[in-house]
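Note that the chains take the letters A, B, C, D, E, F, G and H in the order they are written out, and that residue 1 is the start of every chain.
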Amino acid sequence: MSKVGIIMGSDSDIPVMKDATEMLDELQISYEVTISSAHRTPDDTADWAREARDRGVEVIIAGAGASAALPGVGAAYTELPVIGVPLKAWAFDGMDALLSIAQMPPGVPVATVGVNGAKNGALMAARIMAASDEGLRDHLREYGEKQASVVRQKNARLQENGMGEY
Amino acid sequence: MSKVGIIMGSDSDIPVMKDATEMLDELQISYEVTISSAHRTPDDTADWAREARDRGVEVIIAGAGASAALPGVGAAYTELPVIGVPLKAWAFDGMDALLSIAQMPPGVPVATVGVNGAKNGALMAARIMAASDEGLRDHLREYGEKQASVVRQKNARLQENGMGEY
Amino acid sequence: MSKVGIIMGSDSDIPVMKDATEMLDELQISYEVTISSAHRTPDDTADWAREARDRGVEVIIAGAGASAALPGVGAAYTELPVIGVPLKAWAFDGMDALLSIAQMPPGVPVATVGVNGAKNGALMAARIMAASDEGLRDHLREYGEKQASVVRQKNARLQENGMGEY
Amino acid sequence: MSKVGIIMGSDSDIPVMKDATEMLDELQISYEVTISSAHRTPDDTADWAREARDRGVEVIIAGAGASAALPGVGAAYTELPVIGVPLKAWAFDGMDALLSIAQMPPGVPVATVGVNGAKNGALMAARIMAASDEGLRDHLREYGEKQASVVRQKNARLQENGMGEY
Amino acid sequence: MSKVGIIMGSDSDIPVMKDATEMLDELQISYEVTISSAHRTPDDTADWAREARDRGVEVIIAGAGASAALPGVGAAYTELPVIGVPLKAWAFDGMDALLSIAQMPPGVPVATVGVNGAKNGALMAARIMAASDEGLRDHLREYGEKQASVVRQKNARLQENGMGEY
Amino acid sequence: MSKVGIIMGSDSDIPVMKDATEMLDELQISYEVTISSAHRTPDDTADWAREARDRGVEVIIAGAGASAALPGVGAAYTELPVIGVPLKAWAFDGMDALLSIAQMPPGVPVATVGVNGAKNGALMAARIMAASDEGLRDHLREYGEKQASVVRQKNARLQENGMGEY
Amino acid sequence: MSKVGIIMGSDSDIPVMKDATEMLDELQISYEVTISSAHRTPDDTADWAREARDRGVEVIIAGAGASAALPGVGAAYTELPVIGVPLKAWAFDGMDALLSIAQMPPGVPVATVGVNGAKNGALMAARIMAASDEGLRDHLREYGEKQASVVRQKNARLQENGMGEY
Amino acid sequence: MSKVGIIMGSDSDIPVMKDATEMLDELQISYEVTISSAHRTPDDTADWAREARDRGVEVIIAGAGASAALPGVGAAYTELPVIGVPLKAWAFDGMDALLSIAQMPPGVPVATVGVNGAKNGALMAARIMAASDEGLRDHLREYGEKQASVVRQKNARLQENGMGEY
């Protein structure tokens, strides 16, 4: 059963949102991915969100650019936690999406990550689900240690080679 | 029968949106006003938009601040022209709402007016309906002439009194 | 007789504004296209706007970048509804044009669409004219359904192929 | 045992962060509140985050303004989900804090809510904990229904009184 | 005969634009002041600009807020130098006007001063006219020396009193 | 004798500032061009500005990016009119330079043109000098007419060929 | 002999810059304070910077708003470290000054602190001078400990009183 | 013994931060370079800063993009002067990092240079250390003279060749 429900408004969002699925794969978290638009297929999207819990979804990740209504629609139709990923679209480097997603009205929360931050969206979903999943918690700890170790390896290489030869 | 359907997400929007109803009153255009939230009562809002034409609505004016999804929801559920009024909320002087409303995805248009521009929202609705309503066109022409005349009177007063005594 | 009057300040705007004419072609809406500048040929532009209704124009679409005065000039010289398309120019990703077009003074409305949003400009014009044109309303409904169906096809392809192979 | 750990850098943040504790009170969620600064008491803050899980904390809410490093510090020292609340400080309406908190590097996620959005921070915490707490899920559903009902009551009042007398 | 032609779109601009007339008074430069709107009285405004030289105007100062088309209209209808003063209006601290006025298309220049910078608008007009007016050049030099002397007096007071007692 | 004094801080500014010299060439206005930096050769720059009038300079055009102090330095050391051209540098699309140049303190004016607007800088200089130079005024009028005629030719071509073949 | 040289362009900057002198007083660091303007008294300012070292100044703090050239002028005329304090002026919440001061051209550095950050300007000066002054280093350590202790006291009060009664 | 401690969060920062090491090489200042992340290796980073003085570090240069917590972490764990270099990351041209680094809370100062301003970061470090190092002061003076001389050579080439042939 899928634990994370990923939704995006267009297939043009796939190159960025793939960072989320790859991260979930690495953490061995199951997920479903859906293309559905807040503005072009609003009823499908509402149904998708309303029925998410019944499909076994525990956390939603919604990627959207520009006007970026999708995460808010998700949050309006379900009590599941919704993580919004603001995507760069054709202008303003994603600032339009960031403001649309972050500035939700009081009462209907969305958890915003950084612009094009699909990987962090997946990690936030994992942190949320790790509360009741000790195995996942272990995966997250290992992931954090792996990250730290990569940083230390890079530093070791820098100490060895110096700036010029890095 | 109401020709303009005005919708806003909260009664806190009334002080600004009143500029729209006063302008419509002055132009003798009938309207309905509804409070319904894109995020707190999404189904009501979808129904409101979907049934607007059947209620006789010809143009929609949707006022919204911050994340400002309301005009886009309207545009998603009806083929009527939707005018979006970005409202100042608690930060950024309305820039969040302006971007959310203006940056709609290709295929689902919203006609954005300026920040807190409810009066211009009403005038845009009137321009739209005047296409098939000669009486309204006359009202609009008179309104334009009245505006020009007010500017000229102010100038006359300035010429008489000068900057110091204006 | 042309129903939509499209105006832009320079032939460098054609690549973006072509999105509008292609959309109008698809909806079988007649139009005229004119190059005239608010600042370089101000009298021509004023005449163009003043005489638009007599040429049969029902809605104006004005594309402009940077200082972007053209839509406002249109709105000043006619009571027709004017749709402004802010175009990216040489800086600020179109924010200059967006603010110039959206922030019209109370009394003279312009309907702003998103940056480079010529396609939505055409669709907004269609929504406006559909009020008194049942055939056009049918075209718009079909267009909306086609859009939804494209989204659903993309989703079906995604379900079949997954993220990796999409 | 406290389920939500709230942290803020200064007592000047209390007036806004109180929106979070009041919301948690309403949802009957237990919490602890701590003042500790990312820059003035960095070791205390690191310890606080590192030991949060052992104190029974399931979700962290960190409010911070301006440079707003606090949520990121939290996320660096624990695998718990961290919700960041960007606070308005002395300039830029909270844009500095919003960018600092949202734009976390890939690998270390923070869930950002809107500027001064402490109430939504609390609701996001509740959504996260509701996954494994059916009673809380019921509270959230009731809260959502109450919200919707308030919107509908406001609308009913508007229909009765009109814009003028609202 | 008036040497400087000042124009603004509304009498609400007078409190700021008075800084210009007071500066011109101090420099003993004659001027005319007119209220005329680029959008509400476009023909009057065009005529005003077209006939400015014949009225003896040598430099134009145009103050405008928000969409701020007025300086550009002036520059389109005359070869006189036009100084644009972006005024704060109801949002964005004057950024909308600053961009509208500064970002003129190549070929039609406007000389922009700072937001609400009516005083500097007057001084720029004076610098322009001083080219062919030695008396004015003397006035400008004296004004500059007076400014420097005020700064030095303030410094002297500070040296005497210190920060605490200033 | 040179009438326009052009100054820029670095030879990397030449590609943009060449738009100014080409425009001046076209209008047959003589000029001098100097590289001198407000921060790297401050004394040279101060001397350059102080002695500009004695070299016959009537108007200064100063191009600068980023911190963009050069136009202000010019305005501080001479009573000549100074036109500031904000240049795009390594970030923010020239917004840093635009604000630095436009937001001069009251008392020391700079005439700002648009970002990278060297051509308009030259035309503004020409407008300023045309006050006392009838031949130049004729050149400017001809230039304006040529511009208008180019717009009309483009429009004629568009009418002939349509959008598709333009 | 004064160790810190504070300069600001106007006496209107005193209320903010007093935060610097009070912090220096607390750290027992001697200082001089001068009002001199980059644009109104450029020669005085250049002399002030050029002779600073000879007066015993080791670090410069320059406060400036809007166009904010003062710190850069300082950095151009001396090799001493210059700390720039961007001040809020009449628009943009200090963003104009922040960009002017931070975006110095490569080769001439200014150390920028936050908007209105005069206190941090003083502390940065202290950190700089502490390199060769062990007593000052002790003062700074004590100041840091005092800061931490204030945070801890606030937290203790919060634990005792709770959010409601704080 | 290293006098400047350079730290950055990732090896992707090396291409920009190399400007700092090259500048330090030119000024014959010794330095150490470390990769350590504020969020991925927080304890390493805290230790690095805490022990910097004992390793002989006199000034810290910390380069960071996006959320950019690294300079602030440095400043929190040491009394050494910390210079923050905001780096462009994946959005907003470095504005996110600039605000994160500049807007430090009162009490914990960071000296911010411009976006990607690693070279100025190195020069600021040199200015700081020159206070107690006469040889370094000489190097800085020579560097300033070399810079000025380069500007003058460029100007000489321009005078010889003109704009066209430069």
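The criterion applied here is as follows: a contact is a pair of C-beta atoms (placed from the backbone, for glycine too) under 8 Å apart; a residue touches a chain by one contact, two chains touch by 3 or more.
This is a predicted model, so every value here is computed, not measured.
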Using the touch definition from the top, list the chains contacting both chain E and chain H.
F, G
What pair in F-G, B-C or G-H shares over half of its contact pairs, by residue number, with A-B?
F-G
Equivalent interface positions on chain B and chain C, same or different at half:
same
As a test of understanding: of all chains, whose mean C-alpha position lies farthest from that of chain B?
H
Chain separated most widely from chain D, comparing mean CA positions:
F
Where the centres are mean C-alpha positions, what is the separation of chain B from chain D, in Å?
34
Would you mind pulling out the distance in Å between where the CA atoms of chain C average out and where those of chain G do?
51
Could you work out how far the Cα centre of chain D sits from that of chain H, in whole Å?
35
Numbers and ranges of chain E residues touching at least 2 other chains
9-10, 37, 40, 66-67, 91-93, 95, 102-104, 107-108, 114-115, 144, 147
Output every touching chain pair, sorted by label.
A-B, A-C, A-D, A-H, B-C, B-D, B-E, C-E, C-F, D-G, D-H, E-F, E-G, F-G, F-H, G-H
Using the touch definition from the top, list the residues of chain G that touch chain H in their complex.
19, 58-59, 79-83, 98, 102-104, 106-115, 117, 119-121, 123-124, 127-132, 137, 140-141, 143-144, 147
If we count contacts the way the header does, which residues on chain E are in touch with chain G in the complex?
88, 93-95, 114-116, 144, 147-148, 150-152, 154-155, 157-158, 162-164, 166
Using the touch definition up top, name the residues of chain D that touch chain H in the complex.
9-10, 37-40, 42-43, 46, 66-69, 72-73, 75-77, 89, 91-92, 95-96, 99-105, 107-108
In their complex, what parts of chain C are in touch with chain F?
9-11, 14, 17-18, 21, 33-37, 40-41, 44, 66-67, 90-93
